[in-house]
Structures are given as structure tokens and as C-alpha cells.
């Protein structure tokens, strides 16, 4: 019941908000905020309950023995951090779109609907439910990009939908093969032995097709920058913050357990792609002239760490994958939030036109510098633990290839510092004189993220601890435990 | 064998007419040729066995009836086109793409 | 006191807390900020004193998955104590000095917040009992240096310098990450006690690799050739910052690091050799460059690089206690020199030697302190610099004569540029545009304190060595004599060759220009690293991402709709063609059927 | 007597048509409409009742169990389509004739679905065809008559093909052409003539379905026919032939036809590729829907070779029929709502602001046609592809899902126009919509109800599960 | 089987083929209709030859007496502009290939299943009537419905032609 509520609160909230939007447009955002906060509080309570309980899992939904329902839910160390992240970013997204004038009812309803769908992806314990939620995520995102996006939104919305749909369509075939050859549709019951050995490699790659696009793994990433640049702020926050995590989650939840030996065999490929992603993403980010595009490519680089960690597959590395995912969820969300707030004021994201904002918008720029430093993996901030551990563990498996990753680390510094240099530092520009600095609502959105980034950096075990048992079990499967 | 060849030939010939004649009237006529050939085959197959013969004739009658109905509809269409002065197949190539 | 002894990490937490407090009230504290911030280094100092003769160590669990654990640990051992004292003293002096120097600056509180943060990070670095927390401190001091160099963010040159400093050091940091990975892979832990304990048992290849990676990290941080290019630019920051970060503490962290992990280098001769070579090259090369500088801070910056070179050379021959000794004395006299320079700049409003001159009359106290520093730098007895540098040269000469000779030359050059700068700044005719004035007591007092250190610390050599568990080599008279005489000669030449006008001696114009530009290392890096990288990035974006990868994705879509258009052409509107099409279909299907059941 | 029970449902429909014609004589279209709708609904109920009372098995028409579902659905869809388009059916002069032929189409399709005998199949398919020609011609325009004529020519060729097939099967089975007789014969092994006979009949069905390359009539017909007619032909008119294809294929291939059935796979892949790609470039909404219909038929055929699993095809057919009917009623509704609409997809721009209800229904329908979860369309494709991927036709399943991906290129384009695009000219429509409003009301209401139904059908199984169908698939 | 019967078959075959060829090639509509009539008669003869007298008679009545008349009406409605335009022939070869292909495939496929070569007295009127009112009764009824539909459709088409 609890878990069902977890999925239904934002859903019901969406309906409520939409109705409110028809009659009292002014109060919509408040309603949305209230719903999101309730969800967050509820999630936190749940998280504490589950995390302190051993084993750290909880099942829910219509689980009566006789029922043939697809509505089976389950939370474990793998899903929990991501669910919390989702609820958190849900609140942030609502705050980020506080000033949406255009059809606010629909906008907030879509946001909450998106949140519900993503939460359900992480909650689902039934293949069909999982896939349904997975695709359902596309719908609100499609409308968010298309309805509230920027100039190129027509194309971006379609591209986002079709590109990711292409991946998940193949994934569907993989899931169908799993479900209908084994006759087992409960995700938690999908153990490594269950799938016919002759099918495993095929299924593995079919599933990976879906996840690789979502992560995204280079070279299946080109939908991301476009979607990000065109999406409204809240959309970008959810997209970078949680949607990309669905890919990593899928790899850990399905690809590894179902076809361990295939995963083991494919590990070098993934490591290579991960490393390529780290370096390539950073290199391309370095060349961007659009601030939002730059952040988007930095996301690609960071998700490269996730892929690399998963390929490494040791318990610590898998925990690191989760650390990087959560950390990136916080950091990129903060960065996109800031970029959005900046765009509201300057109506440009061009690095060439920005500059000197430390003088113009001191508070904003300070937080921006902080976020950029976090994004380059500064120790003491969220990015560091996961990337460090990935690095350490990766060396054990991939040896001196990690030199390339080290290069990526340097380049991460390069693009982050470039962003700081072009945006925050430099002489104050008369063009931007007299812009108003962040107000309370905007601070309320940014500051919690900043604080959490510090917390994650200092006390990563809050996440890795929850992940611990799952990580050990998984890496035992892929034979690196 | 002969009948088989004959009816198949008739069908083929009718088809050729349908595909090549320009006057819609001729096209419809060619259709009748095809249909005739086909029902001839039906009859020829049904004829031998005493049991099948009756059923065959029955079916043939039904086919005949249906064919007539079709012909009626076809000619109705034809007339409705002729009224608009479109009597040849190249007059009706408007709907495309 | 016992609290400080039991909880040395207070040296980190207190300044950190202060930094947060200051940052929180950035609009509110005003001039009180300095005194609040001062508590930080003083705590560090207190912890250092409290931990003399054995401090406490401990760990916190950071990440635990299964059996594998990453711990954050602290350990107030002798070396740490020394560094804590250095950091505490210098930081306190700088903070006090800044009261006057930064007075009325926009961002006064921010300045002190960053200084406190730096103090905390530095303390964390030196207190670290494992490579993780060491690296944390290591990166954070780098970040603070970035933020402080870019303190005047509106100034493009400052912003560029800050970025450059962070980027160049980050190259070293990446290498250091690799070293950590190697060690983690080889020993399964990053706790220094354990790692160093196992150091002897490491495969030579592994040990060398790890040592070299760590060394590269140190090279980046301590501005050794070829990663030294960031330090001169870093002078864009406020002068007190240069004194604290870019002379006394952070740049010395490399030396500290190598000394801290010495057992590793013990088993990695190749790494030692590399350290010696780089150190020597740097010591000599930087000294020549310093000779040609016109900006007083640049002179000091290159001098710092050169002196750090001395330390690396000492490390290279295994004399790490000596290196630490020189680190301490250098911290004293170089901080002194920087602060004096700061005072000069404050007083005369310029930092171009060509526009100074004759300041000794206007700013006698500053001049006195400066001269004390210069004497110590040049290695004239009985100043502190003499003893430490003598020990360095002696030990190097003993192990690697060629390097020793080079260092002799370097020390001579040191004396030369010191003398030159002194003459240009304080003697001869006043060339300054506006009248200079002496600085307030808040600036002079720290100078005095440091001057005492610069002159007197020479006698701290023996106790220091004892503290570090070694015995200091006795002063070898011949070497000392050679060094001193060389220094005097150098000083004399430097004094004579000092010419105020911008253009150097025409006979050596080209040479001077080359030296002035740091022998073109910077230009080289720019042409062969920075620009290619940028070009590559642009190409990867344009050709790779937009054209190739995205082009492929988009191309598939366009192709599909093109083909769709062609297929729609099939619907030509000719009914007979449709009939033909379908008849063909029937024929094909029938044929297929016959074939399938054949 | 009991053998005539299976007729009852269809006969209700025919009676409705007759009544409609009668009322037409008195120019009272409303009563004609009401009569037809009522009787079709009654027919559907009757079919449902025969489904309840299993075991009622006529000689040549079957009823009971799944055999009654399809006919019921045909009749019901017919009723819904007529109801949805009642606006124009009542106002236009030819309304009652459309009603009559529509009711006949539904009945014919019901007979097609219920046929258990090739001869009966032949007759009902011809009936369906004749209705179609009439309905298209009722578009009243030159384009409509032209399309009808072309369709008639192709249809006659199909008839001939069917007759030849019948002849062969008759000769083979000796008198009786009932499916069970054919199955008995097929069990003894398929030879060339038998195969050809089957394939010829199959081709005739494929022509009714509009599978590539026997599809050419569909775009013309759907585009030029009155929306009501298109709605019926695309929904009711498809469900019957799909069901018939399943039954016939089962009869022929259940025993020995695994290889032979690959001809269906060929048809399926061709239709999927052609339909999806050709639809990408369409401007007219109706024509786009027609092309996409070719692809949808392809998906349905993917399920046919699954033998016992092909029950999932019926589920697909029903859900698709529902969505297709909704989509063409939507076309009608938009026409009613905004007479200035030129029928193009681009012309939908700004619909979301002019009529949120219509736009939302459009989104639901298009997502359902794409097969996105939470809509009815998903379950159909889900079951089909599940069956195919485990039934040894993995490549077909993959082709199918990729086809669905492509299909969003045009379905999504419609949604995009309705929600994202800005209308070219400033909307004067507001006022027009006011006075058109009342006439559009029924259509809009019907579409909205159908859209809601689509979503409910899409979401409910998440909770209820699909136990029966899944068990069929999992075994 | 006697020679005369065989000759009769060949005669009828010649008749139908002649008619078919006329339908294919003749330009002038009236002559074409004549050809069609000949063809239909020939077919009817074939039915009779196979002993399906009833069928033959029906064929003559329905087609020659009904359909053909409709054709003639249509032609008269059409006027005489038909052969004024030159006959352009497109994709003859293609059409020929398809047609021949269809015929060939059928012949080859059905080669193993030869139709009867001689008339039998099986299909007497009584038997046929029994069949139609017995096993084929449902079909018989539906055929009636089909005719009704044809009527309605024709009405709809012709009547619906006016507006717009």
C-alpha cells in the first residue's frame, strides 16, 4: 500500500493540479508545490524505514497470491536512492518553473505526471508495468519540451521521442523474450539462471539497446543536447536528474542479472564506451558556445563514469556507479536550474554574450561557481567520491587505460573552468547591468541542492551504504565480487 | 487439361484486357471475361464427382448471381462517371500520392 | 590544550567553520572579518604546538562496501606538526598584514572567508593519514588558490591566471590520481601507514610507477619544470595571497607530500632521479629567469620556483629532512619578501621595479625587512637561508656532483637577482610617479615577526632534524665557504648590472628577452598543447558530433521520409497499374506457396 | 433451426439497413439513423448472447465463444461510427444511404468473421465489397466516384481470384468447403493445388485487409469516402476479414502448414515497411490514417502465423478497430467543429487551444495507434509481438516494433501540430466554432468517450492483469 | 467419349476464345459488346457441355439478357466519342507478363489436379435444388442479401451522383 501511494500521490496530484489550473490558475503552483513536498516527505519516511530495515527491501502492490495483476511494486537498495532523488528533484522542478505563465495548470500537471512515471519505473516489480512506466515517461516529457520549450522545440520533441522510443522498442523485445520464454514476469524473481543460455546474449544486447540510448552511451547521445537545449528548465532538471538514471538503473536491474556471462563478455566494450564517453563528452563540451549545451555534454561525460563503473563490476564499483548517478543527479540539476534562472533574465545562453556576472548577479554567480566546481569533481563535493572510486576500481580491471580517464578528469576541469571564466568572471557588462539577483523562491530551489551536494561529498556512505547489499550480490553474479 | 488451360487462358486474357483497355466499358467487359473463365474452372472441377456436381452447380449459380450484382454496381459506377464525361481510364487519375 | 591534542582535526574544522560563518554573513561582518578569521590559523598553530612530541591519530569511515573500506584519517606526526606550525604562523601573519593591505577592498569578507577555507584545506592536507583525505586537502587548496588568484574576478588577466593555475596543477593532480589507483590496486588500501608499510614489498615496476605519478602531482603543485608555468601568472592575485599560498604553504605541499610518502620513493630510484633532475633544472632555469624580470612580484615568483627546485633536488638525493628544513626557512623569508613587496606596492602604488627606486628613505622599515629577507634568500650567513641552502647543496653535491655544481650556480644567480631587485627597488633615484609612504603597523608587525624567523631559524635546523628523527649533518666548511663566496660574487654582479630603464643591456637584449619570457616554455605549452586541444575540441564538435554521429541519426530519419515519398509515388492514380500491382502480388504469393509446399 | 442462430446478429444489421432505406424514402434521416444504430446495437447484443450460450454451431457460420466476439464487435463499431458521425448523416441528403450501406458493411463484416465455410466467406466478402463501392461513391465528389471505380476494378480481379481459389478447394474437398473439412484434408498433407487454393483465397482476404501489394484502393477510398463511411470501413470492415484470416489460416496450417504460412509473414513485413514509410509523407490526415492502416494490418498479420497464439490477433483487431473508428470519427468531428479545416495534418495547428477535448482525444488516439503504453493500442501490439518473438518469428517482431517507432514519425506529427505548432493565420475560428458547436457536439462527445475508453482499456490491465490471454501466450 | 462431343468442346472453346479476343482487341463498342455476347454464350455452352444445363440457361438469361443490356445502355449514355481518341497503350509488356504469369502459375500449380474432361449427369436440376435448399441454404439466403446489397449500392451510386 505504501509503495502504491508513492506512485499515486504525484499522479493524483497531477490530476488535482490540472483541475485547479482550469479554475484557479493563480494557485496552481502552490498546489503543485504542496503535492511535491508531501511526496518528498513521504519518500524520506519510506527511505528511512526501508534503509533501517534488514533486508533493506519492501514489496507492495496487489501481491495477493491469487492476483494476476501487473501492479507489483518493490523497493531495494538499487531503487531507493533514485526514488528519493526523483522526489527531491520533483520539488526542485516545481520551484524552477514557479514563473511559468503559459498554461501553468498543464505544465505542473505534466511535471507531476512525469514524476509519477519515473517513480513507477524504479518501483515496478513486474516486467509489463516496468515497460509501461518506462514509455509513459516519454509522454509528459514530449509535451513539456514541445509545449514550453525554446525555438527548436518542434524538432527536439520529436527527436527525443523517436530516438528513445527506438531504443526502448528493442528493449521491449528483450523483455518479452525474458518474460515469455521463462513465464516469469516478476522482476525480483528474474535470477541469473532463469533465462535459456542460448538466448542470453541476444536478450542482453536487446535490453542494452534501450538502456544505452537512455544513459546515453556515446554514440547514441545526440538526442540529449538537443532535448536539453530546447527543454524548459524544469524539463532539463528532470531529464538530466532522473531520466538518464533510468538507463543505469536498467543495466543494473536487468542486463547484469539476466545475462551475467554476456555482461562479463561485454564488459570491455562497455568500459571502452564509458571511457570514450568520458573523454569525448568532455572534449565536445569544451567546444560548445551555448552554456546549456555545454552542461548537456558534461552530463554525457559523467554518465560515462557510470558506464565504466558498471563495466568494472566490482562491488565497490557498482556502488560507485550509484554514487555517480546520484551526484550527477544533484549537480546537473543545479546547473540546469541556474542556467534556466539566468536565461529568464538574459534570454541568452551564449557564452560569448555572457560574462562578469559575479559583479552583476553575485549570489547567482557564486552558486554557479560552486556548481561548476562540483561538476568538475572537486573533493568534498558530490562528484568526487563516485568518480574517485570508479577510478580506483577501474584501474584494477582496465589498468593503464585509466590514463584516458585521467585525461577526462583534466578536461572536465577545462570545460567547467571555461564556463566559470566566460560566465562569472571577467569585466561587468553594461548589457546586463541592473539584472535582479535570485529571489527567495529561486534560492529555495538552489540552496538545498547545494547543501546536498556537500553532504554527498562528505558522507557518501548515506548512498553507498544502502546500495551495499545489492552491489555485492550483483558483482558476485558477474563474477567480479 | 484442356479445360484447365482454356479457363486459365481466359482469366489471363481477361486480366490483360483489364490492365490495358482504355475504355472503362472495355475494362468491365474484360472483367466479365475473367469471371467467366474462373467460373468455368469451378464448373470443370465440380463436374466429375456426382456428389460435388450438385454443390458445384449450386455454387456456380451463387457466383453467377454475385457476378451479376457486381456487374450492376460496376455499370452504375460507370454511368455515374459517364455522366461527368469521364469514360476512359486516363480520365480518372486524379486521386494519387 | 588536551582537547587540541586529542582532536588535531580541530585545526581543520575551526577554520572551516569560520569560513562558513564569514561566507554566511558576507554582507554583515565588515572589518571584524579579519579578527574572526585569525582564529583559524591560531588554532592550527595551537594544535601544532600541542602535538609536538607525538600527536594523536584516528580515522572516520567514508565509504564501506562489503569488506572494502575507504577511511578518512588524521595523524599529527612530527612532519605534520612542522607544517602546521609553518602554516599557522605564516597564515596568521598574512591575515594580520591583509588588514591593512586589503583595507576597503570590495569583497573584504569574501577574502577572509577564502583565506580561512584555505587554512582549513591546508591543515587537512598536512594532517591527512591517508591518500584520500590528503587528496581532498590537495584539491581544495588548489581550488582556494584558484578563487584567490581570481579574487579580482573582473580583471581578465586575473581570471585567466586563476584558470591557468587550476588547469596546470590539475594535470599533476590527475597523475596523482593514477598513482593512488596504482597503490590501491597493489596494496588494497590508501591509508598511508599501511601503504608505506607495504612499500618495500611492492614490485619495483609498480613502486616506480606509483612514485612517478605522485611525483608528477607534486611537480604540478610545487610549480616544477615543466608544470611551473602557472606560478608567475598567479601573481595576479593579492600579494598577501601570493605570500601565503604561492610562496610559503601550498606550493611547498609537493615537497611535503614526497617527504610524507618517502618510503615509497625509497624503493623507486627512478622517481628519485627524476625529482633530482627536474629540481635542478628548475632551480637553475628559474633563477636565470628571475634575473630578467621587471615586476617585483614576478622576481619573487621565479625565485620561489627556483627555491622549490632546491628542495626537489634535495628530495631527489634522499635528503628529505633537509628539504623540509629549507621548506621552513624558505616559508619564512619568502613570505617575508612577498609581504615586504606587498608593503612596497601598497606604499608606492606600483609593482614595476622600473618605477620604484629610492624607497629605502620613504619606507625604512619595509626596506629593512626586505633586506633581511634578501640576505636570507641569498644565503648569506648567519641568516636562515644560508644554513638550509648549504645543507641542500651539500647533500646534493655529495650524491650527484653535477647537480651540486648546478645548484652552486643557481645560488649565485639567486644572490644576483636578489641584489638587483633590492637595488632597483630601494636605492638610487626615486622614479615613482607618486610619492611613496610607509605602511601602517598592522602590515609592519607581521613583517618584523617573519624577519626574525628569516634571520633566526637557521639555528632551528638541528632541533627540526631531531623532531623528524634524523641528525643534521654538520656544516661542511669548504662547501659553505664556496657557496658564500659565490653568493657574494653573484650579489656584486647583480648589483652592478641592475639598470632601471626598461631596456636591458643591449649586448644581451635577445638573451634577456628570452629569459624574461621564461625561456619560452609558456609559449611552447600554448602552441603545442592549448591551441591543438581547442582545435581538436572544435573539430570533434563540428565534424564528429554534429556531422558524423548526429548526421547519421538525422540521416536515417530523412532517408526514411525520402523513401516514403518514393513509395507514395507508387500510388500514381492509375487504377490499371494498381490492378497490375495486385495481380503481380497474387502471382508471387501463389508461386511462393507452391515453392513452400514443394 | 439452431443453425440459423448465427445469422441473427447480422440479420439485425440488414434489417436496420432496410429500415434506413425505407425511412429514406420519407426523407426522415434521423429516424433512419436511429433505426440503424438501434438494430446494430441489438445485433451486437445478440452476438454477445450467442457468445454466452456457447455450442450454438451452425454449419457454415459459427457462433459461440470467440467466434461471436468478432461479429459483436463489428456490429458495435458500426453503431458507434454511425452515432459518431450522426451530424453529417442527419444533415446531408445522402445521409440515410450512408447509414444503410454502413449498417450493411457492419453486418457483412460480421458474417465474414463468423463464416466457417469458404463459400459463405466468398459471399460475405463480396457483400462487404459491394457496400464499400457504394459507400465511397456516396462521397458525392468526382474524386470519390473515381476512387470507387478504381476500387471496383481491383475488387473484381480479387473476386475472380477468390472464385478460382474456391474452385480449387471445392474440387479438392469434394463438395464441402467448410473449414473443418479443409483442415481434415490439410492434415493429410498439403500439395501444390491445395496451397494455391488457400493462397488465392488468402489473397482475396488480404485485398480486403489492404495488405501490400493489394492495398492500392485503401488510401483513395478512405480519403474520398464520407468520414462516417471511412470510419466503418476502417474499423468494422477490418475486424471481420482479420478474424476470417485467422480462422482460415488455422484450418489450413494448424496441421501441416508451418512452411506455407510464411506467405502471411511475407505479406506482413511488406505491409509494415510500405505502410509506415509511405505514411511519413502524407499531408491529408485521412490519407495518412489510410496508409498507416496498411501498416496496422501488417502488425495483425504478424500474429497470424502464431498458430494457437494467434488468438492475440483478435485482441489486436478489436483494439485497433476501436481506435481506427475513433480516429475517423475524429476527422468528422474536426470537420464539423471547424469547417475551414482543409483536412491536412498541418491544418490541425492550434487545435489544442480551440478545442482541448478534441486535441486530447487526438493525442490519445495517436498514441494508441503508435502502441504507447497506457493506451489500448499497446496491449494489441504487446500480445502480437510477444507471440511472435517466442513463436519463432523474432525478426518479424523486431520489424514490427521498429515499424511502430517509425510510425510515431507521422502519428506524432499530428499530435505535434495539434499541440505545438502555431496556426498560420490568427484564429477567426472562435466565432465559427460557436455556431458550428451544436452540430459538432455529438461527434466531439463520441470521440471524447472513445478516447477515455482507449485510455481506460490501456491502464486497467495494469491492475487487472491479462491472465487469460497471457496464459494462452505462455503455454 | 464420342468424337462429336470432343469436337463440340473444341467448337465451344473456339467460340469463347473468339469472343474474348474481340473483347480484348475491338475498338468499336458495339462490336465489343457483340464479342462479349459471343463469349458469354460460349461459356454457357461449356456449362451445358459439362452437364450444368440449368447453369447455362441462367447464364444466358442473367448475362446476355441482363448485364449485356446494361452495358448497352451505358454505351448509349456514353455517346460515340470513345474511339475518337487514339489508343495509347502503356506497360503492355508488363501487363502481358503479369497476365501470362498468372495463367502459367495456375496451370503449373493445378497441373496435378485435372478437371473433369467429360460431362456427367450428376447435376440434375432436382439435385441442385436440393443442394440449394439443403446444405447450401444459408449461402442461398446470403446470396439474396448480396443481391439486395447490390441493389442498394447501385441505387446509392446512381442516385448519389448529383450533389456537388
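Each chain carries a letter (A, B, C, D and E) given by its place in the written order, and its residues are counted from 1.
Convention: a contact is a pair of C-beta atoms (placed from the backbone, for glycine too) under 8 Å apart; a residue touches a chain by one contact, two chains touch by 3 or more.
Just so you know, these numbers come straight off a predicted model, no measurement behind them.
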Provide the labels of all chains in contact with chain A and in contact with chain E.
C, D
Suppose chain centres are the mean of their C-alpha atoms. Which chain sits farthest from chain B?
C
Report the most central chain, judged by the distance from each chain's C-alpha mean to the global C-alpha mean.
A
What pair of chains is linked by the most C-beta contacts?
B-E
Roughly how far is chain A from chain B, going centre to centre by Cα mean, in whole Å?
65
Rounded to a whole Å, what is the gap between the Cα centroids of chain D and chain E?
32
Length of the line joining the C-alpha centres of chain C and chain E, rounded to whole Å
101
With centres defined as the mean C-alpha position, give me the chain A-chain C separation in Å.
36
Identify all positions of chain D at which a residue touches two or more other chains, and write them in rising order.
119, 123, 126, 130, 133-134, 137, 145, 148-150, 153, 157, 164, 168, 171, 176, 191-192, 195-196, 219-220, 282, 409
Tell me, which residues of chain A touch at least two other chains?
162
Touching at least two other chains at once: which residues of chain C meet that condition?
557, 568, 571, 575-576, 579-580, 583-584, 586, 590, 593-594
Here the pairs of chains that touch are A-C, A-D, B-C, B-D, B-E, C-D, C-E, D-E
Once bound in the complex, which stretches of chain B touch chain E?
1-6, 8-17, 19-23, 25-26, 28-30, 32-33, 36, 39-41, 43-62, 64-66, 68-73, 75-80, 82-83, 87-88, 90
Flag every residue of chain B that touches chain C in the complex, lowest number first.
15, 18-20, 27, 89-90, 92-97
Considering the complex alone, what residue numbers of chain D touch chain B?
119, 122-123, 126, 129-130, 133-134, 137, 142-143, 145-150, 152-153, 155-157, 159-160, 163-164, 166-168, 170-171, 174-176, 219-220, 223-224, 282, 287
For the chain E and chain B complex, residues of the former touching the latter
9, 13, 16-17, 19-21, 23-24, 29, 32-33, 35-36, 39-40, 43, 46-47, 50-52, 54-55, 58-59, 62-63, 66-67, 70-71, 73-75, 77-78, 81-82, 85, 87-89, 91-92, 94-96, 98-100, 102-103, 106-107, 110-111, 113-117, 119-120, 122-124, 127-128, 130-132, 135-136, 139-140, 143, 146-147, 149-151, 153-154, 157-158, 160-161
Tell me, which parts of chain A touch chain C in their complex?
162-163, 218-219, 221-223, 280, 283-284, 286-288, 315-316, 319, 356, 358-359, 369, 373, 378-380, 384-385, 388-389, 391-392, 394-396, 402-403, 406-407, 409-410, 413-414, 417-418, 420-421, 424-428, 460-461, 464-465, 467-468, 471-472, 481
